[in-house]
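In the two complexes below, chain A is the common chain; its partner is chain B in one and chain C in the other.
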Partner chain A sequence: MIAEYGAFALIMALVSASGLTLLPMWGSFSGNGSAMNSAKPLATALFLFAAISFGFLVAAFLQDDFSLVVVANNSNSLLPWFYKFSAVWGNHEGSMLLWVLVLCAWTFAVALFSSELPQVLYARVLSIMGLIGVGFIAFSLFTSNPFARNLPDIPADGRDLNPLLQDPGLIIHPPILYMGYVGFSVAFAFAIAALLGGRLDAAWARWSRPWTNAAWAFLTLGIMLGSWWAYYELGWGGWWFWDPVENASFMPWLAGTALVHSLAVTEKRGVFKSWTVLLAIASFSLSLLGTFLVRSGVLTSVHAFAADPERGLFILVFLLIVVGGSLVLYALRAPAVNSGIRNAWLSRETLLLFNNVVFLVATLTVLFGTLFPLLMDALGQGKYSVGPPYFNAVFVPLMALLIPIMGIGPFTRWRQDDAGRWTKYLAVSAASALAAGLALPFLGQGFNLWVALSVLLAVWIVGGLVIDLHLKKSGAQSWSLVFGRQTASYWGMVLAHFGFAMCVISVVVVTQWNVEKDLRMAPGDSAELSGYRFDFHGSGSITGANYRGDEGVFTVYYQGQRLTELRPQKRQYLASGQVMTEAAIDAGFTRDLYVALGEALGKDGAWSVRLHYKPLVRWMWIGATLMGFGAFITLADRRYRRAKAHLRQGREALTYG
Partner chain B sequence: MHPKRKKRLIVVLAVVVLSSLGIGLVTYGLRGNINLFYPPADVIAGKAPVGQSIRVGGMVVEGSIQRSDNSLDVRFEVTDYAGTVPVLYSGILPDLFGEGQGVVAAGKLDTLGIFVADEVLAKHDENYMPPEVAEALEAAGKKI
Partner chain C sequence: MGRLFLFVPVAIFIGLAGLLYRGLSLDPTQLPSALIDRELPEFNLRKLGTQDYIVRDNILGRVSLLNVWGTWCPTCVAEHPYLMKLAAEGVPIIGLNYKDEDTKALGWLVRLGDPYSVNITDPNGDFGLDLGVYGAPETYVIDAQGVIRYRHVGEVNQRTWSGELGQAYRELIE
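Now for the complex of A and B:
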């Protein structure tokens, strides 16, 4: 009965979402207070029903209920319980239900934490969240029902979860990524509600900002986890492939980064309003586009589940309605273009505008590279693929263009600044960046132009942050006073920019200095890689809970000293027969050593072996984590709470005054 | 239309046109980084360019995989049942590579008609078939 209860709860969620779409929206236009007030209970009901439905699906997986098609196709009685749990979203139907659950959770969170908003805005924001909910719950129910039964032939056991997905990283990567992906729906709902009401002001930006930062933080962490998972689980040692589905999550991230920065301008200075609204619409539209690309199976990708044209069509139509509808609304309602420039050339507004243009162009080039194969195929021009060289060639110069500005932005004043105030500090920053760029590569493998440039740019970013603190101290105050006076938003920005600097160094160093060898190794063979010696001692059989396989044994020596032992595996999963590479990694702050087995060759116990030396590769994930946490810290800013308290007072005064 | 809105529409259109133009230029300059897929039948018919980066895909012919004894060189044949192309590769093959499986190889065709691959991609799970391969097989009249 579990499946029927789950499906019923999902239907109830659809009913609640429909109510949430219609009732508060109607109330906001007709001035019906009780209709508007229904938004909160309806959002709560929506979340509860979605959670119940999801809970039933989880229960079905944990109980090995193979009468359900998804469970039979994606789980197996031999799976450890936590993989049975994550198998819930290791397939199309379940991952769409997770999408729905995350959307409903965001809706509920808005209902809970933004109840201080003006009544009309509150009702409309939730209404729009409800509308998105209707679309996706309907998609789930009508095209990819996770509760469909396998009757009457119930299989004795399931076909197992794809072994690639049997990994702790995959337990957390999809939910976190979806939190980010779907989280932009909140920024979108605020933007549409503001367009409907015709009121776009600094207050609107202040309300929408923490939600946007939260979504951006989740998306950053989600992408980081995906990259980390690909690195250790796919067995090629790559961390970013410019795979269409990676791009699908990266495009909303790029647009979202522009949005996070332009919201700052709108909140602080009340300008860039229409631009910010457009970015909010773009970020969420790109999330939807990503969902379409992943779920329709139109692209070849490691993420694609089996294709189904009907599903693709449904999302495509929904995408067109959302994007088309919001752009029409935007064209009709966006405030007039402000031709009068209210800020000087040298001001934080200008620099942030530059940031926005760079991120927008980056988004468009990635979008183009991703859609190009689809476009050419649709035009009958053949089946193209656009590889990493294209993306690297357009993306890397854009980021390099961004960084010089990043080193000035933090301490430039709003409205107008006088460069004379800080040119001498900037000279120090430039000199140290140059010195570091020239000197630090010698700590690695000697001078390399690209590494030198990356160090230079990273030090320049950090230099900008230091100058900023120094300027803030100006005078005889103590450091503790200066530190104590800074807001949470400020520290969040510092952390995120610092994390970005780490990523810049890491990406360039690991690309330039990565050493990779594919070898044939027989027992007793040894190989040398960047000063590390890998001795291969042969392989033996292993047996796991749901797999059998071989395990190679390697000892690693550095400068004659025994460093560690690495045991990469080659597994064959029993239920599906699928073969999987489990790389062995010796992780370190300055370098990773990576060993993966290819396949057994010949009779002498030889294997094809992949050895990697990856300098500073961890910095990328550490940097991205800092960026994510930086964005989370901004949520603690008192400004957002003060705004609430202020509003509450205002409303009480209205009610009782 | 309201003149202000008209102005905005023009601005939006200008941005759209300019950015598409920019991207078009970027793509034009990077044509070398974009590669086209050819089914084996087209390669045999001489429709595929020699010495350019292209992709070839199909099923790995049963019994065609030959390995070198002292290196990672491997030779196999890829077919869409309307044509068969020999492929040379040096390196580690993906986990799901095998006889009778669908693969896509990226590399260059040499003058002898041998495809020298620098990358071999197999499907990533049991039920998945690269769309290019599925279509090539379908075009060659063979259902999978």
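Now for the complex of A and C:
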């Protein structure tokens, strides 16, 4: 009965979402207060039903209920319980239900934490969230029902979860990523509600900012986890592949990054309104587009779920309604460009506009590269694949353009700034960046132009943050006073920019200085790599809960000292017969050592072995984590809690008429 | 003027939606082989489970399928019963045991049945590279002169056999 309860709860969720879409929206236009007030209980019901439905699917997986098609296809009785749990979202149907659950959770969170909003705005925001909910719950129910049964022939055991997904990283990566993806729906709902009301003002920006920052933080962490998983699980040490599905999560991130910055301008200065609204629509639209690309099978990808044109058509129609509708609304209601205020060339507005342009161009180039194979195919020009060379060629220069501005932005004043105020500090920053760029590469493998440039740019970013603090400490105040006076938003920004600087160095250094060797090693052989010695002692059989395999034993020495032991594995999963490479990694702050077993060669116990030396690779994930945490810290900013003080002003601003 | 400008995003989106709609009816997994209508590359590979070597000329003379498979490939398990059925109907299938081990491959054939007229081994994937193999399973239709006439990526089943793949084979037979 579990499946039927789950399906029933999902139907009830659909009913709640329909009610949430219609009732408060109608109330907001007809001035019916009780209809508007129904938003909160409806949002609560929506969340509860979605959670119950999801809970039943989880129960079906944990109980090995192979009468359910998804369970039979994606789980197995031998699977450890936590992988049975994560198998819930290791497939198309279950991950759609997770998507729905996350969307309902965001809706519920908005309902809980935004009760200070003007009534009309509150009702409309939730109603739009409800509309998105209707789309995705209907998609789940009608095209990819997770509760479909395998009757009457119930399999004795399941086909097992894809071994690639049997990994701790994959337990948390999808939920966090979806929190980010779906989280942009809140910014979207705020934007549409504001367009409907015809009032885009600083208050609107202030209300959407914390939600946007939270979504951006989740998306950053989600992408970071995905990259980290690919690195240790795919067995060849790559961390980003420009795969269509990765791009699908990266495009909303790029647009979202522009949005986060643009919202700052709209909140502080009340300008860029149309632009900010457009970015809010774009960020969520790109999330939807990503869903379409992943689920419809129009592009090939290592991540793609079972392709199905019918599902694709459903999402496409939904895209047309939501994105097309919102863009038409935008065209009709957004304030026309050139709303009067001209910015001085040297002002924080102008620099943030530059940031926005760079991120928008980056988004479009990634979009173009991702869709290019589809475009050529549609035009009958044959099959193409667009790979890392294109993306690197367009993306790296864009980021290099961005960073010089990033080193000035934080301390530039709004409206108009006078460069004379900080030119001498900037000279110091430039000199130290140059010196660091020239000197630091010698700590690694000697001078390398690209590494030098990356260090220079990263130090320049950090230099900008230091100058900012220095300027804030005008006169003889004590540092503790200066530190204490800064807002949470400010520290979040500092942390995020610092994290970005770490990523810049890491990406360049690991690309330039990665050393790898593929070689044949028999027991007793040893190999040298970047000063590390790897002794191979042979391999033995291992048995896991649901796999058998071989494990190699390596001891690593550095300058004659025994450093660590590494045990890479080659596993064969019992249910599917699939072979997996489990790399062994000695992680470090300055470098990772990475050993993966290839194939067994001959009878003397020899293996083909892949050794990697990856300098600073960890900085990428540390940096991205700092960026994510930085965005979370901004949520603690007191000004988002003072919503009540602005309430009266907001009410006046949003009375409709 | 300014208002008109605001319609740009929706115009771009409509173009994009048109492209996506077109994309739904295209199949990205349908990969034309660079070798279509070209001769099967020369090879000299060991026959599975023996020390005999087989060259290209040994397998010519009749229309046949060349099926790339491996015991490590889950989809190969799925398509195996259909290959058995085709073999029973008299379709000659040449197996290319790709990046696999003899003992495992022989065990598989004992367990699941052997639909292949002959199996050649490509343990390191060298011939697969010449052939442009994208992943297993793949099935090529080869005419009596050894010219590759069709390439199918993915599972052979009732649907694909009544579709283009089977079509290509049936046309050659007539």
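The working rule: the second predicted complex is superposed on the first by the 641 of 657 C-alpha atoms of A that agree within 3 Å, B and C clash if a C-alpha of one lies under 4 Å from a C-alpha of the other, contacts with A are read in each partner's own complex, and residues count from 1 in each chain.
Assume a residue touches a chain if its C-beta (ideal position, glycine included) is under 8 Å from a C-beta of that chain, and two chains touch if they have at least 3 such contacts.
What you see is a predicted model; the values in this text were computed from it and never measured.
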{"item": "Chain B versus chain C as contact partner of A:T107, first or second or both or neither", "value": "neither"}
{"item": "Partner chain in contact with A:A331 - chain B first, chain C second, else both or neither", "value": "both"}
{"item": "Which of chain B and chain C A:S38 touches, first, second, both or neither", "value": "neither"}
{"item": "Chain B versus chain C as contact partner of A:P389, first or second or both or neither", "value": "first"}
{"item": "Touched partner set for A:L313, first chain B, second chain C, both or neither", "value": "second"}
{"item": "Which of chain B and chain C A:F292 touches, first, second, both or neither", "value": "second"}
{"item": "Touching partner for A:T581 - first (chain B), second (chain C), both, neither", "value": "first"}
{"item": "Touching partner for A:S53 - first (chain B), second (chain C), both, neither", "value": "neither"}
{"item": "Which superposed partner A:F372 touches (first chain B, second chain C, both, neither)", "value": "first"}
{"item": "Residues of chain A that lie at the interface with chain B and also at the interface with chain C", "value": "297-298, 300, 331-332, 334, 336-337, 382-383, 576-579"}
{"item": "Sites on chain A touched by chain B in the complex", "value": "162, 164, 235, 297-298, 300, 302, 304-307, 331-332, 334, 336-337, 361, 364-365, 368, 372, 382-387, 389-390, 393-394, 518-520, 576-581, 596, 598-599, 601-602, 608, 610"}
{"item": "Complex interface listing, chain B residues touching chain A", "value": "4-5, 7-9, 11-12, 19, 22-23, 26-27, 30, 32-37, 55, 67, 69-72, 90-93, 95-96, 104, 106, 124-128, 130-132, 135"}
{"item": "Of chain C, residues touching chain A in the complex", "value": "2-3, 5-7, 9-10, 13-14, 16-17, 19-26, 28-29, 31-32, 71-72, 74, 77"}
{"item": "Residue numbers on chain A that touch chain C, as the complex places them", "value": "274, 278, 281-282, 285, 289, 292, 296-300, 309, 312-313, 316, 319-320, 323-324, 327-328, 330-332, 334, 336-338, 371, 373-375, 377-378, 382-383, 576-579"}
